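Following are the structures in question.
Each of the next two complexes has chain A plus one more chain, namely chain B in the first and chain C in the second.
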Partner chain A sequence: MRILIAFDTHSYSSRIVSEVAKLAANTWADITMLAVQPAGSGNKTDATLAKALRQYRTDFIDQFDAGDQPYGGNISNEEFVQKNGAWELSKHSPALASRKELLLKIRVGDPAKEILAEAREHEADLIVLGCTKGLDSQWKGEVDLPQKIAKKAACSVVVIKEKKVPTTLTCCLDQTHVSQSSLEMINQIVTLYQAELKIVGLTDNKGTDGKAGVENSIAQILKYYAERQISAWIKLVRPEDLEEYVAEVSRENMVGLWMGKKSLLGKIFSPNLVGKLVNHSQSSVLILR
Partner chain B sequence: MSDQHKTSILILDDEPIVSKRLKPSLEKQGYEVETFTVSSEALKRTKERSFDIVITDLKMEGLNGMDFFTEVKATSPRTEVIVITGFATMETAKESFQKGVFDFLAKPFKISEITAVINKAELKIKQS
Partner chain C sequence: MNMGLLALDENLASSIALRYASQLVNMLTLQLQAGHVEVPDKKQHSGGTGWVRRTWERGLQEAGQQAVQRLLNTEKVPCPFIGSPKVFIGDRDKEFLAELGSGRYDLFIEGNLNTSDINNFYELISSPLYTKTPCPIMVVKNLVSSDSVALLCGDGVDHQSVIPKALSLLKGDALHYDLIFYRYQETEATVSTNKDEAGTVLVEAEKLLQAANIKPANVQVVTGTPESVAAMLKKYCLVATSFPVRKTPRLELLAQCPSPILLCKNKARKSS
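For the complex of A and B:
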């Protein structure tokens, strides 16, 4: 698994370090810590951003017991190296060749475009970013950046709104088409938070399945979790009620929406509604793809 | 790659979709691949012949992935084992490495990711 963490220099970015470190401690994922500096800042790294990224890396490593992590030790005098129009800093040792990558990277340009480009170019499985709390989701002063990432990323996205461990993850799926990788991502998030899992399916797939098909798909999902000793609650919601249901649940719980290419939820949740959910949710949001 | 030099890989995962996805891709790359969804059957096969690389899920009914790893290593110490898991925890990650698995991959992962790990395992086997 490769996780891309998008950082700026605001406090919500430092808040997410410990959460991502826990996910990394569980999964030993390859990690890219990314910041984006504006174009026209000359042929050098933004000193504030570079310093912040180094600090995030130190804070990340400090979350692990000494000698108990796959990312190498703390960096000291290593400098960012210019590579393909960006700057990179990675501690690499041949002795750690079979272990995991922790790459610091500073790209140049429009933040949303650069985050999406980095995720695409390095085949990230998950993008994680923090943002301001409450009924607003600013990132580096941009109101719509988390929305843009949630709407346009090709991979799954977690927008972390506050440092509060979710007790429940409510995942809205199109149970007929949900992808294996999305179920796997749900499993890792549920394991991370030790959260209760609620699966919300659709009652009516308008002729694609019929009642028997819906029941069969739900039974398959229940079987999947039962075989893995994961207790999952299942709720079926009418498509026309889903938007309201999600809005209500997102006031309290972490919400996951499966928005893969084949998802019928894509017909219910337009990209703008996904952005609205990110904006209006009081808790963290997981967009699955 | 001629048949006699093919790297042999055993894949054990109780979710058939995992093997269904990995097998054709790895075979296309020239590997000899056998797949299993039941750990006791996979274990029986490892007693019949050795594999260069074993890829195993952790959480399975019956013999779990870590026990399977122990059995494989007891029979064939030179086999490199890659653990894949959908329910990764800090404890399972640590235990995997402490016991000597070659690598630990949390699901979901890309084919390119597991291929890179297999390449590293092959390199280690050739160097040993």
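For the complex of A and C:
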């Protein structure tokens, strides 16, 4: 598993480090910490961004016990190396004995496009990014960046809103086609936040074998979580009510939407609605693919 | 010892009800009988008599037994039943009503999934089974692990009959009780106020609990919309109240409530 964490230099970015570290500790994922500097900044790294990334890495590594350090220890005097038009700083020093990769990377160009390109080129399973809290979720200086990533990424995305720890994860799942990795991702998020899990299924789902099909599929999902000691609430919602329901719960709860290629929710929720959800949600948003 | 009839079908709602019931028997003085109604398809209906009809009925009986056994095998829940599951053939409401009418049961338990459509819940509680039942009914919507019970008063609940009945079913030392008087109001968040706001209702209800040597942990008036108060009720493993008979805010509250609910009869059932 590879997690791509997209950073800038603002407080909503620094805040997500400890949360991603917990996620990394649970999943043993390879990590890419990515920042994007504007084109035309010369043949060198943006000093502020580079410094911020190094600090994020230090903060990330500090979340692990010294004796249990899958990403190696801290070093302070290394430099970014130019590679394929970007700058990278990787920990491959034998002295650090890292078991998992922790790559720092600075790309050049438009932040949204570069984050998506990095996720695509290196087959990230999950993009994590922070953003400002409240009704207009943004990256400072970038218009609608969190929305663009949530809409356009080919992999799962978590948008973590500043200073809002969710107490409930409400997951809308298209029961027939939910992937194992998505179920596991939900498990990780619930564990990460110690949140309650609410599973929302669709009634009259034409994509399944009627009511019995919906119920059998939810039963399987429930069983999956019961085996992991996670109890879940169930709510069935009519497809025509789903958009309104999601808008309502997103005021209080973290919302997870399964938007895989085969998902019926993908037909109900257009990419624009996903962007709107990210924008209007008062809590964090998880887009599963 | 109270006796409960647990309705089992091969579906998610029954799966949840079965798991919940297995929790209950460890907490309460409750014995359970599993029951299932095999509803024949219209095409299946036998017009025959004698051997033909007996063979047809035996086939349906076996199909019902197998359906319940598959559920029990799948769930692997340690829920002790007093005997093998009873399988009835015919209309679900009529058959369960006939069984409950035998007088052996103090409680009927069934699963019902929580939906966004309030009409589904209204149809449920307007059904013959719910309107004619001789005993309280427990509707299990979710599996909740908690030891707190909400005794919900107000909006037409006859607390003088509902609370003693609920306590007789829930007797045991495992549960804690909150007394809640629900009052509808269009407010963003729920507001909890002192019991005096409910006039004499909560004072009388508290006395009923005291008579059973129970001290409620909280006694309060909760004001808000059905949605907001229903969200608050999810911390309870059970919400006990009376059968609502009309579309009132309390009915909407119970429809939205994600926790299992216990419906007891008002004494006169003139209104609710």
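The rule is short, and it goes like this: the second predicted complex is superposed on the first by the 280 of 289 C-alpha atoms of A that agree within 3 Å, B and C clash if a C-alpha of one lies under 4 Å from a C-alpha of the other, contacts with A are read in each partner's own complex, and residues count from 1 in each chain.
Just so it is clear, contacts are C-beta pairs under 8 Å (C-beta built on N, C-alpha and C of every residue); 3 or more make two chains touch, one makes a residue touch a chain.
Just so it is clear, the structure is predicted and the values come from calculations on it, not from any experiment.
Enquirer: Given the touch rule stated above, what does A:W233 touch, chain B (first), chain C (second), both, or neither?
Expert: Touch partner of A:W233: chain C, not chain B.
Enquirer: Applying the document's definition of touch, where does A:E215 land relative to chain B and chain C: first, second, both, or neither?
Expert: A:E215 contacts chain C only, not chain B.
Enquirer: Regarding the shared-chain residue A:T203, is it in contact with chain B (first), chain C (second), both, or neither?
Expert: In the superposed model, A:T203 contacts chain C only, not chain B.
Enquirer: With both complexes superposed on chain A, which partner does A:S270 reach: first (chain B), second (chain C), both or neither?
Expert: Once the two structures are laid over each other on A, A:S270 reaches no partner at all.
Enquirer: Looking at the overlay, does A:T58 come into contact with chain B only (first), chain C only (second), both, or neither?
Expert: neither
Enquirer: Which partner does A:T48 reach: the first (chain B), the second (chain C), both, or neither?
Expert: In the superposition, A:T48 contacts neither chain B nor chain C.
Enquirer: Count the residues of chain A touched by chain B and by chain C, then name the partner with the higher count.
Expert: If we count touched residues of chain A for both partners, the winner is B.
Enquirer: Determine where on chain A the residues touched by chain B overlap those touched by chain C, and list them.
Expert: none
Enquirer: Give every residue of chain C touching chain A within the complex, in rising order.
Expert: Per the stated touch rule, the residues are 11-13, 15-16, 113-117, 141-143, 145, 234, 258.
Enquirer: Quick check: in the complex, which residue numbers of chain A touch chain C?
Expert: 203, 212, 215-216, 218-219, 222, 231, 233-238, 241, 245
Enquirer: Flag every residue of chain A that touches chain B in the complex, lowest number first.
Expert: Residues of chain A touching chain B: 1-2, 22, 25-30, 68, 70, 97-98, 123, 125, 180-181, 183-185, 187-188, 191, 227-228, 230.
Enquirer: Show which residues of chain B lie in contact with chain A when the two form their complex.
Expert: 14-15, 17-18, 21, 59, 61, 86-90, 93-94, 97, 102-110, 112-113, 117, 120, 124
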